[in-house]
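Common to both upcoming complexes is subunit A, partnered first by subunit B, then by subunit C.
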Partner chain A sequence: MAGQLPIDSRPWPVRRDQALQDKTMQQTIQFVTRRVANAKVAAYTAYPEGERLRQRAVGVKRRSVENMEEHLAVFAQQVEAHGGQVHRAKTAADAIRTVLEVAKNHGVQRVIKTKSMVTEELELNRAFESVGIAVRETDLGEYIIQLAHEKPSHILAPAAHKNRAQIEALFDQDAAAYHTEPPASDDILALTQYARRRLREEFLAADMGVTGGNFLVAETGTLVLITNEGNADMVTTLPPILVSVVGVEKIVADWPGLTEVIQQPALSGVGQRLSSYTTMVSGTRGTDQWEGPDEWHVVLLDNGRTLLKDTPFEDVLSCIRCGACLNVCPVFRQVGGHAYGSVYPGPIGIVETPLLTNFEVLPELPSVLCTLCHACGEACPMDIDLPGHIVQLRKIKRDRHMDAAGVTRSYRWWARFWATPHGYRRSIRWARWGQRWFVRHGRIQSAPGLAGGWFNTRDMPPVASPTFHEWWERTRGKGHRS
Partner chain B sequence: MKDEGREQTLQLFATCLIDLFRPQAAIAAVEVMERRGSTVEFPAAQTCCGQFSYNAGYHREAADLARHWIAVFEAALNNDSHGRIVALSGSCAAMIIKEYPLLLYRDALDRGDSAVEAKRWQERAERVGEQVIEFTEWLAQEKAANLPASLGIGVVYHNGCHMRRMLGITTGPETVLQDYGFSVVPIEDADQCCGFGGTYSMTEWRVSTAVADQKLQALGKAREMGAQCLTSADFGCLGHLGGRLSRRRDPFPVVYIAELIALTDRGQLTVEELQQMAHQKEKS
Partner chain C sequence: MIETEALRNQFQRQFEALGGHVFYASNSERLPVVLASAYQAMVDRYLPDGPLQVVYWLNLDLSVLDLEGILGGIRGTQCICWPQGSRQHAVQEKWRDLLAESQVGITGAAWAAADTGSVALYSSPSTGLLPSLLMPIHIILLNQKRIQPSVSDGLKKLYQESETQGRMPPLVKLITGPSMTADIEGQLVIGVHGPTAIGVVVYE
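For the complex of A and B:
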């Protein structure tokens, strides 16, 4: 069954033009992506065994996905043996229903959350708010964009598009609303201290915690969360009820497997050998234990993922959400995350969004947001064939007649002419004849049809006289010898 | 390994962009190859490798062009397994070497051919692909003959994305330029795309131009550091950046790498000569 993803329903040209006009966002995104992309390269350079470990991690992820169902069954058994409950959700709607039911059963009023792309996929915050439950994001980046009423623009750094001044303004507003002291200045320490103080109140007041999950270990039924802020420790230990919503593809069989993959998101995401905090949950609080939730629900979300199993796109399920592909993408660096209109932006987003939803939403993504430079394929630590998939998705679109008829016709005639030398020559004669109306000062400055867009911002020389073919024929060809 | 003293016959794949928009680049390449004792042949039935269509998802159309390309160059090679096809574009070379085999395999199946027939196409593509070499890669194997005294003209070399990431050619072309006495000026974010992307530059011209402008901004800094021209082994990138410079009325010289080498060979390398070459007017 196809998955459901929330989208920005404004058409692509509107999303694009807004992004291209937002110079602050562009500058901020370019600064951040360049910094982390360079940090990743530096980290690998300083880590001779890094490449070998990365390859082993790829193997673990591939094998885990291959035997996903088997491992998930073991995982469920283990969680339930340790006091938790496991729910399978086929779609986003199923998952939301399950989570809201748990909240309702316990009369939950206030929820705190760790950063989680899967709950973005569900728009879980909106679902909570619609039934009157207050939600607080506790990851610093997520907290910032929650205050701004925005969505993440980057899968690892949700507020990557916001600069310090913008963040200070948001915190000032928040301080006024909560009648508390605003941050002392816009320096990073002051801003962080403000968030820390405010979030502490929220941690202590919450009656339910919601997490995503970076990994699930089948053999012990363990949820693994990695953070750089330690907020997952608080979310998983303070509130009495804990709900973890995790994509089915996050499963690994065992602890040796986990140790192979656990460093990869931070290493490729920000160039850090391991994230600062690793939080693990293996069950509810036992009678002899001080901490942990009284009740733990794990919602295993499919939402289109198993559609990819046993297809040429299966490697997409190895994605560890490190964001390395976003950081190196020349298009992402220009338009930022929001222009994609999907929860998942960047190269992985333009591949995953149509695949998870069977092209039901944002089908334009693979065509409009990629120059096929292959930087993503080079950057992906999980060896996901992103450029290859993007080309294949474009082909699927064409095969399903999703391109404009005129475009399809242009490509068809182009190939028909150029597949023979005679047709090629004929097309050149026509071009020479046709270009007379478009040459200004020795350059072509406009053109009709498919090529038209080029000339909005660029010139092109006219078709040469002679072309190389003609030059060769005149100087070296049969014409010359005779 | 190059067979010292053995006269090699090279089949030239000029690419459609150079054929139509910068024939001087191919003429220069011929000059460079012949000066080094090679016999150059130009299979005149060649057209285009089909990458434009392939990247846009038009694989049936791309496969038509690919089959034509293979037929033309197989005929030219005439079963000589040592024969070389010199491609004047890293991107087109990558298309042939890396994409043709699977493209033709899948397309054959899509057309209802048997798996055996599909496999046969794949193998044909692989075989001819093994004989394709990108121009600067070929040049790097030749020793820089009669080196002129280093003139130290500053050039920025833009390495095309497919050249870098699909063919794995990274520093080779810059080394060649240095061997020929050029001073290679580094450019910020050298591994970033120029924004061309084939028909992407037409359909998504706003984004494509934004990416190009980023590259030109980096080029601006390199110019301050002494760069006097922009070159590449891919005319796709050069045509894109050059077209953008032209629209901005910026006369900064943009030339294909073989043109620089040919000029050096002739001992005519000066900045004035470079500028003239870059803006060569159409001959009547």
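For the complex of A and C:
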């Protein structure tokens, strides 16, 4: 069954133009992605075991996904043996229903959350608010975009598109609404201290915590959460009720497997050997225990994931949401996450969004937001064949006749020419003859028909006279043949 | 032993690279002095003003350590032992407030990992996570015998212990540096939700 993903339904050209006009976003996103991409390279260089660990982690993830159902059954058994409850959710709607039911059964009024892409996928906050439950994001970046009523622009750094002045304005508004002291300045430390103070009240007042999950260990029934801020520890330790919503593909068969994968999100995501906090939940608080939730619910979300099982796209289920493919993608660095229109942006979003929804939403992603430069394929620590998949998705779209007729015709026409050296040379001669009407200031600035769109945002040098091929033919080419 | 010393040095290098502080007591007699100076250095640096209240629990090998006696003289520090055994809900609420109002958490540790500079804490009837959670300063007393070569070795140890115990601790936490974020303009800031400053006193 196809999954449901929330989308920005504005057409691609609108999303694109908005992104290209947002200079603040471009500046911050370029800084953040470069910094993190460099940190990843530095971390692997300084950690000789890192590469071997990474390869082993790929094996663990692949094998775990292969027998996913079996492992999920063991996981459920283990969690229930240790006081927790496991719910399976086929769709986003099922998951929302389950979470709201738990909240309703306990008369929950205040929820605190860790950062979780799955709950973004569900738009869980909106669901809570629609039934009058206050919900607070506690990851600093998520807190910022919650105040701004926006979606994350980066899997790992949700507020990477905002600068400090914008954030100070949001915090000032929040302080006024909650009658508390606003941040002392737009200094980044002052802003962080404001969030610490404000969110501290929310941590202590909440009656339910909601988390996502980085890994699930079947053998021990353990949920693993990775943060740098420490908010997951608050969310799992303080409120009496804990709900963890996790994608089924997060399952790892056994404890030795966990030890192989546990460093990967931090190593490839932010260039640390481990994040500041790794939090493991393996059941409810025992009768003799002081800490841990009284009640723990794990919601295992499918939402289109098992559609990918036993297909050439199965490796996508190994994704650990580290964001490495986003950080190196030249398109992502220009347009940021919002332009994709999906909760999952960047190369992984291009691949996952159509696959999870059976091409029902945003089918343009593989065609328009990738240059096939292959940087994502090199960066992915889980060896997911992102560039290969993007090509395959384009092929599926063509086979299903999903591209506009004009586009398909143009490409077919173009392909016919460039499939042979003779056709290529002929097309170049024609282009040289035809370009005279379109060259301004020594560059081709426009073109007729469908090709015109290409020149909306760029130009190109005219066809040379003679071309390299012609020159070669006339000079050295001749010499060699004799 | 050369091996433990190498592990201790590696752990120290990693932990300090993350922004943590490491102090070393070469024998148990020196521990009170080293702890007092570590505590003094950290509170003076990170909390130069205001009252000081410590919430603590210690590993069994230090059950005779008189924390009140060691720290009481430093800016009138109050020490409160993190309770043990069973509890009622009402008591937990009160404890939560108390923890939120304290400035320093002092805890033992289950183990540490040299390769990543991590320290592991378990929730159990006698050991807890709350003192590592809410206070601005967290100091860990770590017996150097507990330092494992790698985080994988530590996790293996946790697994073996859980097999004898019959279950995993409900909560386990690996601490690898202070609480931090780079969520605003990609700039690193220390001390978001958890401790701003974290120190380890390694003793033999």
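Brief remarks on what is shown
Everything that follows uses one rule, which is that the second predicted complex is superposed on the first by the 420 of 482 C-alpha atoms of A that agree within 3 Å, B and C clash if a C-alpha of one lies under 4 Å from a C-alpha of the other, contacts with A are read in each partner's own complex, and residues count from 1 in each chain.
Here is the rule we use: a contact is a pair of C-beta atoms (placed from the backbone, for glycine too) under 8 Å apart; a residue touches a chain by one contact, two chains touch by 3 or more.
All values derive from a computational prediction rather than experimental measurement.
Legend: residue contacts after superposition of the two complexes on their common chain; A:Ala195 is shown touching subunit C, with no touch to subunit B.
Of the two partner chains, subunit C is the only one touched by A:Ala159; subunit B is not. By the touch criterion stated above, A:Gln289 is placed in contact with subunit C alone, subunit B being left untouched. Contact with subunit B, but none with subunit C, is seen for A:Pro421 once the two complexes are overlaid on the shared chain.
Looking at the shared chain after the overlay, A:Trp471 reaches subunit B, while subunit C stays out of its contact range. Once the two complexes are laid over each other on the shared chain, residue contacts for A:Thr138 go to subunit C alone; subunit B is not touched. Contacts of A:Val36 after superposition on the shared chain: subunit C is touched, whereas subunit B is not. In the superposed model, A:Ala73 makes contact with neither subunit B nor subunit C. Those residues of subunit A whose C-beta lies close enough to touch subunit C in the complex are 28, 31-32, 35-36, 49, 82-83, 138-141, 144, 157-160, 162-164, 167, 188-189, 191-193, 195-196, 199-200, 203-204, 220-222, 228-231, 233-234, 236-238, 255-256, 258-260, 262-263, 270, 272-293. Those residues of subunit A that touch subunit B in the complex are listed here as 16-17, 20, 34, 330-331, 333-335, 367-375, 377-378, 391, 393-398, 403, 407-408, 411-412, 414-416, 418-421, 424, 428, 431, 442-443, 445, 450-454, 456-469, 471-473, 476-477. For subunit B in complex with subunit A, the touching residues are 14, 16, 18-23, 26-27, 42, 44-48, 50, 52-62, 64-65, 67-68, 161-162, 165-166, 189, 191-193, 195-212, 214, 239-240, 243-244, 246-247, 281-284.
Partner subunit A is touched in their complex by these residues of subunit C: 14, 18, 83, 85-87, 92, 95-97, 100, 115-118, 123-125, 128-130, 132-134, 151-152, 155-156, 159, 162, 167-187, 189, 191-195.
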